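Below is one structure; the comments refer to it alone.
The letters A, B, C and D name the chains in turn, as written, and every chain counts its residues from 1.
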Amino acid sequence: MKKYDSLIFELSNPDRRAFEIPKNDVEEVSLESFLPKESLRKEAPELPQVSQVDLMRHYTNLSNKNYGLDTGFYPLGSCTMKYNPKINEDMARLPSFTETHPMQDDALVQGNLELMDNLDQMLCEITGMDKMTLQPIAGSHGEMLGLMLMKAYHQDKGDTKRTKIIVPDSSHGTNPASAAMAGLDVVTIESKENGEIDLGELKDALGDDVAGLMLTNPNTLGLFEKQIQDIAKAVHEAGGLLYYDGANTNAIMGITRPGDMGFDIVHLNLHKTFTTPHGGGGPGSGPVGVKERLVPYLPVPFVEKKEAGYKLSYDSPKSVGKISNYYGNFGIYLRAYVYILSMGYNGLKRASEVAVLNANYLMYSLKDHYKLAVDRPCKHEFVLAGINTDIAEMPTVNIAKRLLDYGHHPPTVYFPLIVNEALMVEPTETESKEMLDDFIQAMKDIVEESKNDPELVKTAPHTTPVRKLDEVGAARNPIVRWKPEE
Amino acid sequence: MFPYIANTPQDEKDMLKAIGFNSIEEFFDDIPKELRLNRDLNLKPAMTEAEIKTHMAELGNKNQGKDLVNFIGGGVYDRHIPSVINHVISRSEFYTAYTPYQPEISQGSLQVIFEYQTLITNLTGMDVSNASLYDGASAVAEAAFMAVDKTRNKEIIVPDNIHPNTLRVLKTYLRFKDLDLVIVPTKEGTFTKAALEEKISKNTAGVLVQNPNFYGLVEDEIEEIVELTHKNKALLIMSVDPITLGVLKSPGDYGADIAVGDGQSLGNGLNFGGPYFGFMAATNKLIRKMPGRIAGQTVDKDGKRGFVLTLQTREQHIRREKATSNICTNQALNALMASVYMVALGKKGIAEVATQSAQKAHYLYNQILEKTNFKPVYDKPFFMEFGITSDIPAAKVKEALLKEGILGGIELRICGDDFKNGLLVAVTEKRTKKEMDQFVQVLEGLK
Amino acid sequence: MKKYDSLIFELSNPDRRAFEIPKNDVEEVSLESFLPKESLRKEAPELPQVSQVDLMRHYTNLSNKNYGLDTGFYPLGSCTMKYNPKINEDMARLPSFTETHPMQDDALVQGNLELMDNLDQMLCEITGMDKMTLQPIAGSHGEMLGLMLMKAYHQDKGDTKRTKIIVPDSSHGTNPASAAMAGLDVVTIESKENGEIDLGELKDALGDDVAGLMLTNPNTLGLFEKQIQDIAKAVHEAGGLLYYDGANTNAIMGITRPGDMGFDIVHLNLHKTFTTPHGGGGPGSGPVGVKERLVPYLPVPFVEKKEAGYKLSYDSPKSVGKISNYYGNFGIYLRAYVYILSMGYNGLKRASEVAVLNANYLMYSLKDHYKLAVDRPCKHEFVLAGINTDIAEMPTVNIAKRLLDYGHHPPTVYFPLIVNEALMVEPTETESKEMLDDFIQAMKDIVEESKNDPELVKTAPHTTPVRKLDEVGAARNPIVRWKPEE
Amino acid sequence: MFPYIANTPQDEKDMLKAIGFNSIEEFFDDIPKELRLNRDLNLKPAMTEAEIKTHMAELGNKNQGKDLVNFIGGGVYDRHIPSVINHVISRSEFYTAYTPYQPEISQGSLQVIFEYQTLITNLTGMDVSNASLYDGASAVAEAAFMAVDKTRNKEIIVPDNIHPNTLRVLKTYLRFKDLDLVIVPTKEGTFTKAALEEKISKNTAGVLVQNPNFYGLVEDEIEEIVELTHKNKALLIMSVDPITLGVLKSPGDYGADIAVGDGQSLGNGLNFGGPYFGFMAATNKLIRKMPGRIAGQTVDKDGKRGFVLTLQTREQHIRREKATSNICTNQALNALMASVYMVALGKKGIAEVATQSAQKAHYLYNQILEKTNFKPVYDKPFFMEFGITSDIPAAKVKEALLKEGILGGIELRICGDDFKNGLLVAVTEKRTKKEMDQFVQVLEGLK
């Protein structure tokens, strides 16, 4: 409502304070008396000095320039932007959890450990895996760990030449990037037009140098890999392992399980399927589940249930070690735990069903106005190959920007890379029919506008706090911090 | 039926009809029968809010912590947290947003990142910062990869006085990329130029210094180490506790190439290990090697200042396996918490927090040495954390302290058998004289 | 950012639920089995049924159409819109306070009673009174109670013909209205041009039928009643009492006290001077303090400190009884308590000083562009008599509406009634010089606009979620609830 | 220096200079010296957040309540509160706003009021509602004034089974306006037409019925009482517990003229007595007699729907001493909490809460009668609150219950000596079978 364009540094004024700590109640000896003078800086770092009201107004006004799930529809494909329940936030702020230090003795954090153990079992049940680690801090972190486990497994078996990982070209960028982090060489295979694996291509790529295959199912186009059993068989027969990118779990909860499809390693994005909020870019949580034979390689520590209570154990000689400082994002997976309890077995299944219903409803309602990447029922998301060029011409980017004027967050654009002018739409189960209808109408209106008033669309957005931003200029001449004017 | 699922059975019917289907089941036809889960998931049925509150209270009550006086550190500190932080991050426009892919409706998140980057560079004395990393330990690993990438060498040198978990994480990351980790033994707890000289070579990609180190000591040969590292064409990575930069020389002051650390201390709670965030800042010439998101300033169509994600060609979604890192989702909200913290404290406030922490730690340290039989693990300049030892096993000492409601610290035996009875004690600005005097009293009472 | 125009009723859809209670765990007997059928309604009341995400979005989007103190400058005269500290909110939500029932035994609420007793003493010290009651729920409620105390006092003294209360014409509307609620007849006296009492007029009005005088000091024009001692003397000599409307306490904390000026009864608006948030129209808290001789009439119960602890006592035969259900707005005055502790004696005084500095800075910076009601240093607020008509003509209402386009909340308009085209400006101490300068500039710009482009000003606001609203139409044909379309 | 005061000593200097003054002191020159406080206020110096948290925790810990099982009612009930409520009222655009005097930037508050009015009228079955009043007790008093104003009579009749605090408040309000309060004795706890007939006359302005009454009983002659009241040209004021309207006949169903009550039960916490809010709804013809704010629908310059405060000529700021009431600041945020509660529950949910409360109350009641020596105070249909009595003083019963973590109820001796050992027990939907069984067990154990 209010225009607000200040940077916090521009508000700074010496002697202002937004917060004070209590006076020191011990003797104030000078730092030089116990620290070498050379170790001390000459002047305190330049942090802004503002009053508390200016601080609150600054961030309140900035928040008002942001669009969140609580603002409106957010059909960002692959990101599963579903409602973040408020009870999760309340539970995550209980001092009995927040005020525990990661280095406290196990006996003092039995509640935390029990929660971790319970969640491990729940996630195993949902995915059909045998054991989970909660240590990864995001999806990609889970991917990296999962691939490390894969590699560790082969190495442990003496199978050291398995350094390649097969990744379809439809995959998310984090998949190959995570493979690189785990020191694997990426072999990209072309997917079929519908995003499914080309079994022939796969078989050609398989060999005794292949560590495994990385996949998501439903695939990036929102379609179920019908040949998943054959794929699994082929990979396993070639001595490889199957890795499941869990970003698409919201399609299948209680319906089918990666573990049952033949996957050996799975990561989940709790900040997608399991409603932990995305925070404008994190924190997330990316637990990794494995089949029995991979359990020895899981990171330390893990929770053990003993007679005397729960215990964090580091006793695992084959473990890959650690990938993050403590036990992952405890405050985040706690929210996922609350969500799973809130939904129960019945609610989770219903969530997947309605997510799929909503996606199909959108897809079929839009199919005359936009090109479908594949005309076949989708799962929880689907991909449009841009506008229906029989009606009008308009690049996907402009359609997305014009949607902003209609009050909707646009779908994911230009991903997956295998579809031209892609618009990847994921409505999730938390949206109502009315909201979907409103979105459908907006999408259709934009097609009409593209025909009748293309300039209007091309110059969008018109109603946002800033107009279209110069991204090329930003990259060419990077200004990545504020500096006082000379 | 389910509060988080909007559509009702009637909506379902209407929607199916509109698109010409008879049942949701039809959308799942392509899943082979053998793969269908032909039973319910073995989970409980849905619980209501009220039942969840009861359950979570029960779980929480199995923890102890919230009313204890905390002297545990090891990189995670119990500090005063301004109340404004939670109010800011509870703005749902911030916490329910995705990564700002559509800048025109994400100026809030983007400006927050831009300001965060500025705050971190000001704090560390470096040129550029990214938008955050997972945590301090993985930030060290990412910095090591940067050094490898920049120098094309394969060896990372670290002293043995860094956080043991950082070492663990670094080992894992390096091992899978077939990179070499060389551990330098420290002398009396600190990293010396002489020790480095024995290991450094033309194969060295990067050298890590942690200041203050895990034992809380302030490293005193950093300048020499930086010089030696640069002479060998390697990068100097400095891992720091951000609060100490309120008074200690910054990585920039020392001429480090990359500064990293864990941001928990900047207004993030204890949270049993997470979420916190890792920060990373570097010199200008490393900007294109950086992992993670970076926000940049630009202008809109009308020439108005605005912010976007920039230099994205480093990133996985464009460069795939050639990206500088796989990181995608980072720790944005925690970085926002840190920003609010740094703004709330301001230039003077952060110096005050650092100063008080150090002063209080020295009060406790001096009292212990004066009044008890405990001895320092290292008799060297430290900042706000120090090791003490005695004939009594540290576990017993902790037990005695716990009886008085005190969490005594970290048993140093996790760093090796040399430290058998060692206890690492952290003192922040939050600790009071009364609490410290009680700590001392318990130690006095131990025989 | 997003346009949002739905009423919650328009989102309703049977079978949707935003919240559920646990299943009944005792036998479900029908209500008819224990209640007469005639006592039961035929159908549950028509409350909307929505999903949780729709609920949250509805209120989030509505909030985005609101302007709060955290949004920007709010110089609403007489309302003391100062920053509402966040620690107050946190403390008010501590379960150890919120989860106490007003009918618990005193022994179980010793913390609450101690807080009430402490606050009583603090407010007495600040106002110079002898005893406070925290029972009034808002300022007007305090006024009513204060006047009841006044009346009870006279009646108890057998002085039953004192039924008149003198109220200056510059007073807030609640003053005469509260007098009516307390069964007193209002005698309005004209103030002098500067809002001060005309001592002659006052003396003429005084008599043995006068219960007292109701006043605020500084007065409604933000000026200190210099003759307050003479006024007090006159009223007291005539057998009347002096009532202090505490809305202007923010000008005088630690500087002077109503009790010392001769006032017998004081009410405070904790939701003004003492930073409890205004909530879009409450809850507030309006404690009333009195001098010793009026203590016997204070409402029951009151807190007593005994050997065995604090106690709520009803033992007060002359008490006027009760004016609200329990002990007033506990959760609100708890916030005021935290505020007073946060500021201390030094901070409260500084707050008043800076509030006065800010007001004078604004007033003198605007005096060439607007007419000052009185050209003399003000206290915490001041009144402009509209635009400087030497420069341009523009009704105050349009200036206020145009300020909305500049992102500022307008001052109070057309109050006090004794000033034509009044704009009553109260910046408070929590605003920075930069904010004041921004406001000054906007006010000056509007004068320029009024001269050069009066249409622009007259058709304002231009940038708000709705344009100027038809208030006359609303009153002529009141639609005060939503009804489904037939 | 002070986080809530922006301007610094330097700002002060600059500002004074700009307007030609030398010191702030000059602005206070007009205050006579004798009136100046020539000392510091006798308060403590400023405390920091941290110190306040410690102090408030200490105070809070002197209370008991948060872990106790609550069977206390008397108009204030311990119910399930949906978590969304606090999230909504924590939006600072709501809670830091003033009364919506500038409608163009207050559509949030105004629409909330408009929706609240609709929810309350739907709940009570009345035509119009205001935006809230202070609390249930003062709402009764305001309704009495309306009746007086409308009928020009001076007498208000109430039964003796209303909440004793309501009676106290009503007495105070009426006494100062020289109005008459006539108290009708009830028969076996309920208000009968016969009893009213003895008191009602052409002087009667209004008759009050509370349903369920203070003893929890459901009044069974309301229809007759309404008829008799109207025959005497008086107004019928009905005071109700809003939750019970989920299943009980509404004031509108009974033909009441004014419905009032306390809204605490609608999603507001216990809060030691406040803030809650009073609600008031009435028939169309009383709209201009109503106290308080009313929001109305209108259109803006462009014809778009919008909301404003309306019918303001009833109010103090326009009508001054002739206003319908002095109320100005009301309980807007609590009314918002109630709105969110009603929306969260919905039509079915509110019926469910009411039904479960009643069912559970009857479970406990039946168990007590079956298994213990306690007897009902009144053996009549009740809703969710009931009186029990025995040879044992109620204080002793409460003490025994408290030992088991139970708050047992209200001692009925506050209603008079007739009720010597009476204990008023409230059961909401939040109570569990286990808690109630324990209640019974304690009573069984009492000899």
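Note that a residue touches a chain if its C-beta (ideal position, glycine included) is under 8 Å from a C-beta of that chain, and two chains touch if they have at least 3 such contacts.
Keep in mind that this is a model prediction, so the values were computed, not measured.
Student: Sharing over half of the contact pairs with A-B by residue number is what counts; pick that pair out of B-C, C-D or A-D.
Tutor: C-D
Student: Could you tell me which pair, C-D or B-C, is linked by more C-beta pairs in contact?
Tutor: Between the chain pairs B-C and C-D, C-D carries more contacts.
Student: Indicate the whole-number Å distance between the mean C-alpha point of subunit A and the mean C-alpha point of subunit C.
Tutor: 47
Student: Could you give the separation in Å between the centres of subunit A and subunit D, each centre being the mean of its C-alpha atoms?
Tutor: Roughly 46 Å, centre to centre.
Student: Whole-Å distance, subunit C centre to subunit D centre, using C-alpha means?
Tutor: 19
Student: Can you list every residue of subunit A that touches 2 or more other chains, as numbers and ranges?
Tutor: Expected reply: 1, 13, 16-21, 51-54, 56, 60, 64-67, 69-71, 83, 85-87, 89, 430-432, 464-465.
Student: Any chance you could list the residues of subunit B touching two or more other chains?
Tutor: 1-6, 11, 48-50, 80, 82-84, 86-87, 90, 92, 105, in rising order.
Student: Taking the complex as given, what residues does subunit A use to touch subunit C?
Tutor: 1-4, 11, 13, 16, 51-54, 56-57, 60-61, 64-67, 69-72, 83, 85-86, 407, 430-432, 434, 463-465
Student: Applying the document's contact rule, which stretches of subunit D touch subunit B when the two form their complex?
Tutor: Answer in residue numbers: 49-50, 80, 82-83, 87, 90, 92, 430.
Student: Okay, in this complex, where on subunit A does subunit D touch?
Tutor: 1, 13-22, 51-54, 56, 60, 85-87, 89-90
Student: In their shared complex, at which residues does subunit B touch subunit C?
Tutor: 1-6, 8-11, 48-51, 83-84, 86-87, 92, 105
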